[in-house]
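Next come the structures, one after another.
Across the two complexes that follow, chain A remains constant while its partner is chain B and subsequently chain C.
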Partner chain A sequence: MQQQIITYIETELLAGQENLNLTADEDLLTTGLIDSLGTMKLIAFLEETYDITVPAEDMTIEYFMTVNDMAEYIAARRTANVIS
Partner chain B sequence: MSYTLPQLITRAAATHPDKPAFRCLGKQVTYRELERQMHQIAGVLKGVGVKKGDRVGIFMARSLETAAAIYGIMAAGAIYVPLNPGQPVSRTYFLLKDCGIEVLLTNDGQKRNLPAVITAESGVKTVLGTTTDLPCQTMSWTEIYAQDDNPPAVNILESDPAYLLCTSGSTGVPKGILHTHRSGLAYAELSVADYNLCENDVLGNHAPIYFDISTLGYFAGPMARATTIIASEAHVKMPASLAQLLEKEQITVWYSVPLALMQMQQSGKLSALDLKKLRWVIFAGEVYPMKHLRRLVNELPQAKFSNAYGPTETNVCTIYNFSELPENMTSLPVGKVRGNTEILLLQDGKPAESGELLVRSPTLMQGYRNRPDLNEKAFYKRPTAAGGTEIFYRTGDLMRRDADGNLLFLGRKDRQVKVRGFRVELDEITETLLRHPQVTAAAVYTRTTADENTEIAATVTTSDPENLTEADLILYLKKELPPYAVPANIRFVKEMPRTATGKIDLKALQNRMQTA
Partner chain C sequence: MRNTQERKLSRSQTLLWTGQMLHPDSPVYNMAIGYEIAAVIDPAAFKAAFRTMVAGCDVLRTVVISDDATPRQKVLSLPDFDLQFIDLSDRPDPEAAYKMWSADRSTRVFDLSETLFDSALIKLAPAKFVWYFNQHHLVTDGWSLTVLHAEMSKLYNLARNGQLPQEYETLPFADYLDFENRRKEELTDSPAAAYWQQKAENLPPPPRLYGEKGQGSTGRAERITLPLGTARSEALRALTKEKDLRAFTPDMSLFNIFTTVLFAFVQRVSGQNELLIGAPSHNRPTPAFKQTPGVFIEIFPLTATAAKGDTFTDLFRKVRSEAGQYLRYAQPGLSSPALSGSFNVFLNYISGKFGDFTGLPQRVDWLLPDYIDPAHHLRLHIQDFDDTGEFCLQFDLNTAVFDEQKRQNAPAHFLRLLDAFIENREQPIAACELLSDAEKRHLIYDLNNTKKDYTPAGQNLLTLFEMQVKKTPDAPALRFAEEVWTYREFNEKANRLARFLQTQGVDREQVIAICAERSLAMPLAIYGILKAGAAYLPIDPQHPVERVNFMLQDANVRLFLSQKHLTESLKPEGVQVINLDSDADRFTAFSGENLEQKPQPQDLAYVIYTSGSTGKPKGVAVEHRSIVNRLDWIKDLVQLDATDVYLQKTPYTFDVSVPEFFWALQIGGSIVMAQPGGHKSPPYLLDTIEKYGVTSIHFVPSMLRVFLEEKGLEKCASLRRVFISGEAISASLQNRFFNKFDLPLHNLYGPTEAAVEVTRWQCRPIPEDALVPIGVPVANTQIYLLDDELRPVPQGSPGELYIAGVQVACGYLNRPELTAERFVADPFSPDPGAKMYRSGDLARYRPDGVIEYLGRVDFQVKLRGFRIELGEIETRLEEHVAVTQAVAVVRENDKKEQELVAFYTGEKVPNDIPFIHHLAARLPEYMIPKHFVHLPEFPLGSSGKVRRKDLPQSNFVTEKTTTTYAAPDTQLEEIIAEMWCELLPAERVGKHDNFLDLGGHSLTAIRLVSRIADAFELNLPIDLVFKNPTLATYAAAVEGVMLEILAEESGE
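For the complex of A and B:
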């Protein structure tokens, strides 16, 4: 999952930038690597690809700072869906 | 004795040395520490050859180093030029050249962006605040903060330039708005007075430093000896975290574009949080959609609200303060003229009930840098009876006064629009599209989205309809324009609708897009 998200970020959000080699534990938000619009697109991609809904109150740094954070969040959302 | 912006820090350090001046991502700097850092940076800048009046770039995401960089550059007698790290490399390049920037302050958050920007051709000779390997002289923050902190010997007058904000220009070339210590201080003084800012205040700073909204936190905060919370890039992108920051820091005065507040409203957290200390919510940059504003006022009954208006050239020159909104109000006034400020409403050169707003105030810019042509058009000079001249800035904004003496915004004289608070010249986007080899005609306009925000849209004709796609053009524009100026969508047509005089019929395109 991590690699799939990284590929999306590199090819869709940061297209045109060379030799990115993003890592799953890299801070994507604080440095301004992805802009506000990119963040929205990324969340839409995660929702569609992993069949989850990200409610507005979950738009937090803890869940979206790194690709690893996102993967953890997605797993938790899916489990929550199964239980409910 | 002259009074300059860096003196805000030395004065606060003398009276409130241990008070936190700025806080960002859990780290903070006191006034005493900031004074020391400011002098260290100024000393380093002097050491690498920066002289009074030189332009020094700041290329970093919001952080504590941003505050140190701003004040360090000004303390060296130089002019700080904020550069948006999120803008295309070509634009940063243009600004580096156009402003003659040879020294840049940055931090390691930009290690991915720096090598593309700092090339042998960029003209940059020194990059401070980085450990990245670059083809020029560099120095890390650890090294900077190990230097002497003697105040630099430089004679700065309050009428000297202090900062340069670069904004969209209609001919496709950005223009630099030059502000002085005096104009920055005059703005801070008015803000301290209008919002009764004091040392107990905690100011929420949401705007990036290339946006003039940032100067409330950076200048008025230290003037009041308050603490300014710099919202990090991460908070700005995550509205639920931003709302939590308001509670965690017990922010008393919030200032941002309406969009940031609307996003926090949508995150559903605002009314559930403990925000009882929040006493002022100030917004500026664009119109707050009435239905969202009414909700906000209901959600924050403890706060007063202020709609602040003023182009970057003048700083905020009118404000409309309210605690509740009259039932029958359909559009929010930009309010009454601030102290120490005079306005004129002119139509065809004569005073009128409604017309273009002209502003005279010590908060006014010195002028557009190196653009005598623009300055000639922007300033209106009124001779006085005593034989002097009073200088007004022509805002290009059309206004009228209502029965209560409040000013109401009617529209623009030209094709400048606001998107997410940022000023965008639609003609700059048109010019950029027309430079694309396969674009034969282009029209750029705005439309209102379902949630009442403004977005940019474009329609083009092409010589290569088989191959050129919307995605190609968006990618092309992303390399040329700041992110907020890239249209949300671009449509292809075989032929542009034209008016009787042969001009592209923008109204027709706009209506078509609005209903699409």
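For the complex of A and C:
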């Protein structure tokens, strides 16, 4: 999952920037690597790819700062969906 | 050089170009910046660097051509531009010289087909230069400015060292055009497109900031710059780290905070809870686009609904959610005229920074070209261009909405809300103080400076009359048909009646009912009751007996003065009936001298019942001093004399009748009593005016409308003035009055609860769509426009009208709870016992302090001058066995008349007759609905309340006929119809088809004007079609322009 997300970021959001070599625990947001608009694109990708819905109140930095955070969040959302 | 082929404009460019075409002479889209560099600049190197940049930057070589109203852009191969060097350093005041120069230069309008930028280097001092750079928005946006600034900074540095590159090119904007084209198809059915479609269909109306419509806006604007200071800026940055305010990025968190405060500001100054602003999306989805010069931004709306009692945190949550959706769906190519033209408040949060100029210290000055989009009323820019850590707010304020005072106050109001957010975001938005002490002083005290002492002091309603009797005992006082009473006769009769009443055990302040038809008996009863020291309660003989009995009981009435023919059928319960006619001989024995004991100013003078929301009418108790002030004030303002004849025609159950009964008799004039029912008959009124030489008359506006349509208005030669009150008068009606009469028209406003009227305005001709003001407060009266927290609303904003001062009634008879609810402590009075009356009316101040009436706060309505509490009708209707629930509304029928419509649930009744019978026994005639509509159930809102707005609009009025097709008549209509067919998605166009309904918008309008220009060599204003949207009206308007031109030409 992490690699799939990294590939999306490198090829779609940061296309044209070379030698990125992103890692799953790299801070994407506070460094400004991805801006708000990019994050929204990323969320749309995550929703579609992993079949989750990100409610507006979850659109905060703690769930999307690193690729690992995202993976954790997706797992939590999926569990929540199953329960509900 | 790259291609010079013509290309279509991007979505955003098309919208900008359309805007420019709509305002062809406005510099509205000039984006001019002065980069003030505090260092020595080498002009030659600078010019060379600039030349290189222009040569290598496609957008700087772009022009826009539009021969056939379809705009295309073309990149010219050779730059025909040499940067100008201007040395102002030898001027006495170089800064001032530059200010003058830039003010002129930045407001020049670009010829789009020539060049879309302008630039110069200005020397202000040996080590102080300004790089002036102005671009048309068609080729730049805020982000692009930073890109070109960085490019120029780099190139100048190279030029200084003689290292300008031969080959130089910025990333091409053409790539974005390709990108947008490629995306078009994939966007068509995307969720994003659906989101914006849905949004466009549900946008709230743009709010009226400070109650202003922005009429006649040319877009002229002033920019007010407000630096936030370091402490506040740091506090804001600290907030972006708080758990509940955090977002993906600090900038987004700041955007959400500023949007919340802006929404709060709009809500507070407009009174509108449905909030709407526009904001730009930078639209640079790839790293390459982030480096590309050109216009990428597209503008999308954000909306939110503020609820009563919302804290900043509550509103912030709504904004955060909305902003999340905005970011998700704001994608290149999705903006539209419907979206970008929907709002009047624009928020531009700019995160871009310019930093230094190739290492040289620099300050950025963004120049407003004096104009903004005329549809925009407020544009708020938030920036820190110089990267100082301090936010700078720039308010571009449309001068059609913000006068000088508001331009000063509005930024301060915003700042108070921002500070409140920073200090404690858990506080309700409504709780924040918006106004300065000076503003409050102005609104509460300066505008209410009405103190006036009248003589003699301590008057009661009859003091001046009794004085006048001594002066002119034999002058006619009252006339009814052929019967005339002199002052002395009338006074003696009233004294005799008063003495008789006292023998019947009348005490001070006791309430005595009168139930009479209009005749001399009516004023006799009123004066006699007052002289006896009691208060009078007028009862309409037409009212159902149930309502009469309720009032008698409610007011604790023991004596009932009436006429024989009325009391025979109307049998009031629990009262002693005295017939003024048949019992008249019982009074004659008493002395006709004035009574020794006079009513005191604080004594009750009358009780008048008005419709009540709980289903029961309520008696308003008014003291002598209140109504005396009302009379003293008007006497001071409008001087009647002994030759004046006042027509008493208002039903005496309506408090407007009170001045009719007293005013003229205080100064030696006379009163003519109209025949019963005569007030409803214009021919009768005309004859009466002519016959008796009536000089003064009062109308409720709906009656004035009918009266003005009557033939024979020339019979009104004796009239000297007309008073109106009771409902809002429209500009068209008062203008119609001025077309017929050259007389003063006094518009008065006031509730029964404040002694008839409390404001006055002398009408004058005004535009048909303007509001007729209700004017300024009368003497010894204060009008406050307050919010729910009883604080003054900002000048211009709608507030509930409260009345304080001597005219405020004591309250509702025997209704302490209702009295406490409507008559509240006046917090602005030095007198701790002072009360103010809460009118339930919405009003606003014009900039000159004159008050405009805006409507009712609640559901109480006025129909034909009658105050109607819809709740009362509903309660009564619900008493009917068939009805489960009832809702009454006022609707305009297809004749533009207001009428009452009742909706009900329960058992469907085949016709209205049972309801009319039922209500006729309980309500006055004017409260009986015209239509009764059965519904299976009511539309309910989330609170469980009936959503009145969602009640059916039709099926009780004449069925709305769908516009039937009517073929064009004239040749001109045919030609234009053909053009519409080509431009609009319509198969055929008839006379009554509407350009806007057929999907026409600005761009189509431009194309239309271009076609007409080709066909007729006629240059029409683009907005002509918006003002005359049907085919027939548009063709007529076009013909009008043609005829005007012909007339001018033949005149030359």
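What we mean here is this: the second predicted complex is superposed on the first by the 84 of 84 C-alpha atoms of A that agree within 3 Å, B and C clash if a C-alpha of one lies under 4 Å from a C-alpha of the other, contacts with A are read in each partner's own complex, and residues count from 1 in each chain.
Just so it is clear, a residue touches a chain if its C-beta (ideal position, glycine included) is under 8 Å from a C-beta of that chain, and two chains touch if they have at least 3 such contacts.
A quick note: this is a predicted structure, and the numbers were derived from the prediction, not measured.
Novice: What is the contact status of A:Ala76 with respect to chain B (first) and chain C (second): first, second, both, or neither?
Specialist: It touches nothing on chain B or chain C.
Novice: Can A:Ala15 be said to touch chain B (first), chain C (second), both, or neither?
Specialist: both
Novice: Contacts for A:Leu33 in the overlay, against chain B (first) and chain C (second): which applies, first, second, both or neither?
Specialist: first
Novice: If I apply the document's touch criterion, which positions on chain A are contacted by chain B in one structure and by chain C in the other?
Specialist: 15-17, 29-30, 32, 34-37, 39, 56-57, 59-62, 64
Novice: Spell out the residues on chain B that touch chain A in their complex, using ranges where they run on.
Specialist: Touch residues, chain B against chain A: 25, 61, 85-86, 109-110, 112, 116, 232-241, 244, 266-269, 420, 475, 478-479, 483.
Novice: Write out the stretch or stretches of chain C touching chain A in their complex.
Specialist: That would be residues 246-249, 251-252, 255, 281-288, 317, 320-321, 324-325, 327-328, 330 of chain C.
Novice: Sort out for me which residues of chain A touch chain B in the complex.
Specialist: Listed in rising order, the residues are 15-17, 20, 27, 29-37, 39, 55-62, 64-65.
Novice: Which part of chain A faces chain C closely enough to touch in the complex?
Specialist: Interface residues on chain A, with respect to chain C: 14-17, 29-30, 32, 34-41, 43-44, 56-57, 59-62, 64.
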